[in-house]
Amino acid sequence: MFMREIELRGHIIDSLILPKVLDKILDMGGDYKILRFEIGKRKTDPSYAKILVIAKDENHLDKILCELKDLGAEISEIEEVELKPAERDMVLPDNFYSTTNHKTFIRFKGKWIEVENQKMDGVIVVYPEEMRAEVKTIRQVKKGDLIVVGHKGIRVIPPEKPREESLFEFMKSEASSEKPKITIIKKIAKEMYEIRERYRKSGKGGIVVVAGPAVIHTGARDALAKLIKMGYVQVLFSGNALATHDIEFDLFGTSLGVDIRTGKSVPGGHSHHLRAINEIMKAGSIKEAVEKGVVKSGIMYECVKNNVPYVLAGSIRDDGPLPDVITDVVEAQNKMREMLKGKEMVLMLSTMLHSIATGNLLPSWVKTVCVDISPAVVTKLMDRGSSQALGVVTDVGIFLIKLVEELEKLEGEYEGEGVVKERNRDNIKVKER
Amino acid sequence: MFMREIELRGHIIDSLILPKVLDKILDMGGDYKILRFEIGKRKTDPSYAKILVIAKDENHLDKILCELKDLGAEISEIEEVELKPAERDMVLPDNFYSTTNHKTFIRFKGKWIEVENQKMDGVIVVYPEEMRAEVKTIRQVKKGDLIVVGHKGIRVIPPEKPREESLFEFMKSEASSEKPKITIIKKIAKEMYEIRERYRKSGKGGIVVVAGPAVIHTGARDALAKLIKMGYVQVLFSGNALATHDIEFDLFGTSLGVDIRTGKSVPGGHSHHLRAINEIMKAGSIKEAVEKGVVKSGIMYECVKNNVPYVLAGSIRDDGPLPDVITDVVEAQNKMREMLKGKEMVLMLSTMLHSIATGNLLPSWVKTVCVDISPAVVTKLMDRGSSQALGVVTDVGIFLIKLVEELEKLEGEYEGEGVVKERNRDNIKVKER
Amino acid sequence: MFMREIELRGHIIDSLILPKVLDKILDMGGDYKILRFEIGKRKTDPSYAKILVIAKDENHLDKILCELKDLGAEISEIEEVELKPAERDMVLPDNFYSTTNHKTFIRFKGKWIEVENQKMDGVIVVYPEEMRAEVKTIRQVKKGDLIVVGHKGIRVIPPEKPREESLFEFMKSEASSEKPKITIIKKIAKEMYEIRERYRKSGKGGIVVVAGPAVIHTGARDALAKLIKMGYVQVLFSGNALATHDIEFDLFGTSLGVDIRTGKSVPGGHSHHLRAINEIMKAGSIKEAVEKGVVKSGIMYECVKNNVPYVLAGSIRDDGPLPDVITDVVEAQNKMREMLKGKEMVLMLSTMLHSIATGNLLPSWVKTVCVDISPAVVTKLMDRGSSQALGVVTDVGIFLIKLVEELEKLEGEYEGEGVVKERNRDNIKVKER
Amino acid sequence: MFMREIELRGHIIDSLILPKVLDKILDMGGDYKILRFEIGKRKTDPSYAKILVIAKDENHLDKILCELKDLGAEISEIEEVELKPAERDMVLPDNFYSTTNHKTFIRFKGKWIEVENQKMDGVIVVYPEEMRAEVKTIRQVKKGDLIVVGHKGIRVIPPEKPREESLFEFMKSEASSEKPKITIIKKIAKEMYEIRERYRKSGKGGIVVVAGPAVIHTGARDALAKLIKMGYVQVLFSGNALATHDIEFDLFGTSLGVDIRTGKSVPGGHSHHLRAINEIMKAGSIKEAVEKGVVKSGIMYECVKNNVPYVLAGSIRDDGPLPDVITDVVEAQNKMREMLKGKEMVLMLSTMLHSIATGNLLPSWVKTVCVDISPAVVTKLMDRGSSQALGVVTDVGIFLIKLVEELEKLEGEYEGEGVVKERNRDNIKVKER
């Protein structure tokens, strides 16, 4: 008989780990026997299960165990991770282990090592000398890299449902526009305020904003610019369109040729975005255009003025694109991944392409807020196994304006309560607001 | 040869009447010769065209002329309208004329009579004694009613493109969420303010609001209630769900069991709407519930308190429904049509069913604003041949809150300028606006 | 201390009953202690849990228990159900019990009685003499009806996840268009074939089709007519539009004035639907129009010819409507509920209004297939707690044509295999195909 | 007074050129006087208008004329085009002329020269020695290139409404799912058949297919592969996802880990797409993988086997990507534009990113068929000023399967009629079918 014991620990019932494990075994045509089961008697107690997995043959057993590991099961015997070198650049050994976006450990030389730069659909490369391991994408793999193969010596820690109440939903992907929006905006504002405060004190964490051109078209450009100025954006991810229309607005008062103040197309407006691109081409880059006084306001302006780094990633539908756009998509991905490190929250604003790209690069424990007017887009973005995701089906234009209003109110309140003042005394920089 | 002269007058080029007429003739396999053409030399001048329509046979000619009339063509010879009595209740003579939603005249006893109660897909009933004609629906037709048949003696006046700039679009059905919303909301507020002022002065015109339950779920209940209180709603069209959840909120603080202030379901909440219905059943009606102090706030409360009439039309998905709901749909249509008479604007808020029903009953010259988060719904509602329609793809919750803010600002401004104060003193009207 | 023991039985882990119960207790601010827990050692073994629920006060405990019951918890002490008479028609006693759509039992005079006519958002009326109980809607309640109040003596049996593989998803509401459609259509065909065979043998079960006018507009009218003729439809639910356009097509070859064969509008076509309604008004009803030879083909024709009952429910957006349309929505609901009794499957085709209305009337154990081109509609329809639901995001026109092709193939196959022939020998009627 | 005469010629009424011109003048605050107007007396006769445009000042006049030119107006006096050299690579002279996607001529050295490689949002570069002009994108501009500036000496020929009936709609952007699909598919099949026949005889024209991964997920992979084999695809545009999942299916029978035959996820399936990419990395390219026998079927296989060129354009959401993917988006655009030259039709299948990118590169006279299940996507794609566009809101999976069925039927028919046989005699290659 082909069988093996596995163990599950933690809040395995209400985080749905136990039901998922039993389900998976049955779905794959296996069987199980519960050997031991200790349920947490109170809500804070962890539970424990020891389960005997029964399969038809060795290969079947292997396949099942491989799946169970990604769900958080531990194989009771302690095994070492298996490694194989890459034979060529960008070529993996045949049975490479493909990563999830959950926290992952490998057992190497008798120790559990946490894998760095976690993201889904990558491979694990081990550096034996440094006793380090990290996730790489296939294009980053170099000849000789030691790649984890098979599924031995790997432990995946899927996110557990938070014990306390949370703004974020735990792995739920349904999105509806019929929610009380002002309530939700207030809560997001509060969360962002706290993250900014932590960031100001520690220089750690912070917020990544991923934004599409709808932000400009819907009249929320000034709101996003203000958000940057107020210190709520530590990195901006976007593309050619947002930057171009932001600068077009600065130069011509239009977005894609439409006057934002009247909502009407202006004559010659259809070429404004090309003229905006040409101005930046002349200056050399957005930064230079800001410094030369060509660009005087807006999202990109505030990024330059407030030293907020940005990645403008290219796409085949770009006009131009601007000189600042990274036209090679692999290079853009690498840059984005670099900048995501350690961030606490990602705010995705009306861009499916850039948001999915960001989602692909994120570990599952980063808080994600996704705002779009289309429920389908929100559902798609939420459905990536993030444990802390909040989808808001709403109009991004009015959303951002209301969000800034709430943040201003919040800052006023805390000022009133002396909290912000205290922060000032601590002499942590607040001047730039 | 089978031919006939027709004439076109007015702004027939930029209102697209001439292109449509020529198109229709060709599409139907006919041919034409332009006999005379005088184009308006300046933008305010009307144009004139005399066109010879050429067909294959008498029947073909008839069919083409019939279509051209609905596009605004006049047949040059003066003909009398043809009438036939209905043989039974709800049964029409075979070749009855089916109405458009445009202004229509009939030639009867040598005079042009304007048809009353215009709506699309009805029939024209003539009262010879009174020299009157009106549109009836098939179910309203009584035995002996004199129904217009064929297409002789009928003149349709399709809407012309307004000369001056307008908030409303002229027969355009595209809907996009990527528009500057605050700009649009400001303009709608201004339009509504002016309509309300006219209504206050003359008792004529006014605004119909058609609203769905998303208004409550998205947290805009208080905003709509305030709009009613401020005098911007002359009639409310809705269904069982809006009224039920409005009252549910008053009684339990929830909408479909969700606490609007926290966005979370409350225990037992799934039965709240039934409990709300039961309270109204006990009181006898919404009005009685308000008067007895059972219901103390909200949309329906403000309707009762401000004498704003409402039609709650039934649908097969209703729970309950409330005693105020008109469960017979034909009766509800009749009531709605009665209340629409003379209204200047219809504001449709997140309800496809009630908005389409209202659109079916409207003549083409009433201003229509349609707000929904789904572009498909907005497009569908705009696509009904209204000459003055504005589609806003946005979140109805935030929209209403912002609209009320803008209206308050506007009232404040006018107050500040003394305009509104004057109005108050004069106790009626103010010229300078 | 305020506490009470509850019990859970069955496949409470993988049907997610246990996680939901623990979750609910914590969400409501309660606490628990697991007193006993026996997990099914193998996949077919049921599990058992005895849990002590701990609350802050009596009222809090009551609220929690009330919620847990609807999730399937049994209160260990045996209690009798509590009843209160309705004081007036359509008025309920204050703390009436509001039903779920799950199978429900009440403890009455020492016995567990299964409640009949289960649907959600109703109340339970008990007939003591007959030892019977049934669900009624609020409008059906008569003065003196004995209504279940509170939550004592009630047992709800939520659906368990089926042990064997199934076409239908177990309580999952996500809908995607990116699925292999032909595969899914084949499976639906197989399920329908089996239901029809069972229905033919036993006269029990059968399929309800709920269809909207998109069926006609997308060119699938003949396919649905054929489905009826082939015996796959035991009841048809629809509205005025489907029936009108179906008859319009029979009389004029158009649907809403569009020639289905060319996809172009025909001259005068916009009045065809009114002319179709007028023909039925003249005949008196659809049945009479079929019998008089006025209507010679199509969906309604096949219903009449094959004695398939239909409910055409009115809505406020109806033109006409046809004499067969039930214009009172409460009467239409009652008729629909009557006809749903005992049916095995509901096939919902491109109509949100009629599908939601049907969903409201259904118990949770009826199989539901929902077909619509909009993912949002499919998600909304799936999200009603049905335990056996399948959402297909696709084009209803091509779907129906392919479904009929698959059913014909299937019948051919079984004929070939002698299965259908055998059935013939058994003398079960198959002639009418 | 600032005024200028313009002329309009052609079918300026029903192609809406005259109404648009008058509209634009008024919208821009100008005025006009009709100096001469000759309307085509019969449907085939062109019309003619001479219009005096009146503006406030020289600058205003300039702006208006600039807009009118893009609508097809000719300025009566004959002017030479104005040129200015680019001062640096990728930097344009300030008032460069930004192109439309309509056919364009420039007046250079007394001659009208047709501009090559027309696309929207480019600039015109003139080669005086060769008396040639072509459209370049801003990134293609080299120092010293002679760029057209201002708006003198430019003639734009907007598309006219076709006289005969056509499958394609003339500049209409509305999209509806409620159309008779089988009818439309038959017509598309006929159009494609004729284009292929023309292509086979002349080697000119042909069809470009732009396809997204939904083709695979919905089960239409084999249908698209067959379309390629049958000779209906001359170029394929797609991205990493389609190619990866196509090869994944060949190697593992799954698409994104889902078994297409059962519609269920398979164990370990989530890593299949990475494994597929790795196989191609090992082989070096898709072509080599096909030649080495690693890939044995599918879309990419048929492309290689039938010498159908493809462009796989990169995007930031790519995993991998495959070695064949062009990761630089500017390079990918250039390659796509090269391949679009002279093509007669573009078939866009369920990919917004690649379809918009292709639309950006297309002149307005290429026939475009756009298939997507979302009406919003179809509307967006249709809304690019193409004169011959057809939007089909349907399920791409079933669409492709039905399309291939229709094409096979069509080929059978023509075979039967001897048409295809004749073609065989002419010795034009038909073996591969």
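For clarity, chains are labelled A, B, C and D in written order, and residue numbers in each chain start from 1.
As a working rule, a contact is a pair of C-beta atoms (placed from the backbone, for glycine too) under 8 Å apart; a residue touches a chain by one contact, two chains touch by 3 or more.
No experiment lies behind these values; they were computed from the predicted model shown.
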Exercise. Between A-D and A-B, which chain pair is linked by more C-beta pairs in contact?
Worked result: A-D
Exercise. What's the chain with its C-alpha centre farthest out from chain A?
Worked result: B
Exercise. Distance from the CA centroid of chain B to that of chain D, rounded to the nearest Å?
Worked result: 40
Exercise. In angstrom, rounded to a whole number, how far apart do the mean CA points of chain A and chain D lie?
Worked result: 35
For this session: Calculate how many whole Å lie between the centre of chain A and the centre of chain B, each centre taken as the average of the chain's C-alpha atoms.
Result: 46
Exercise. Where does chain C touch two or more other chains at once, residue-wise?
Worked result: 376
Exercise. In the complex formed with chain A, which residues of chain D make contact?
Worked result: 24, 28, 63-64, 66-67, 90-92, 94, 96, 98, 121, 137-139, 267-268, 270-271, 273-275, 277-278, 281-282, 313-321, 323, 327-333, 336, 353-354, 356-357, 360, 374, 376
Exercise. Tell me, which parts of chain C touch chain D in their complex?
Worked result: 177-184, 187, 213-214, 217-219, 255, 258, 260-263, 373, 393-395, 397-399, 401-402
Seminar exercise, completed: As the complex stands, chain A meets chain C at residues 13-14, 16, 18-19, 22-23, 26, 31-34, 37, 39-43, 173-174, 375-376, 379, 383
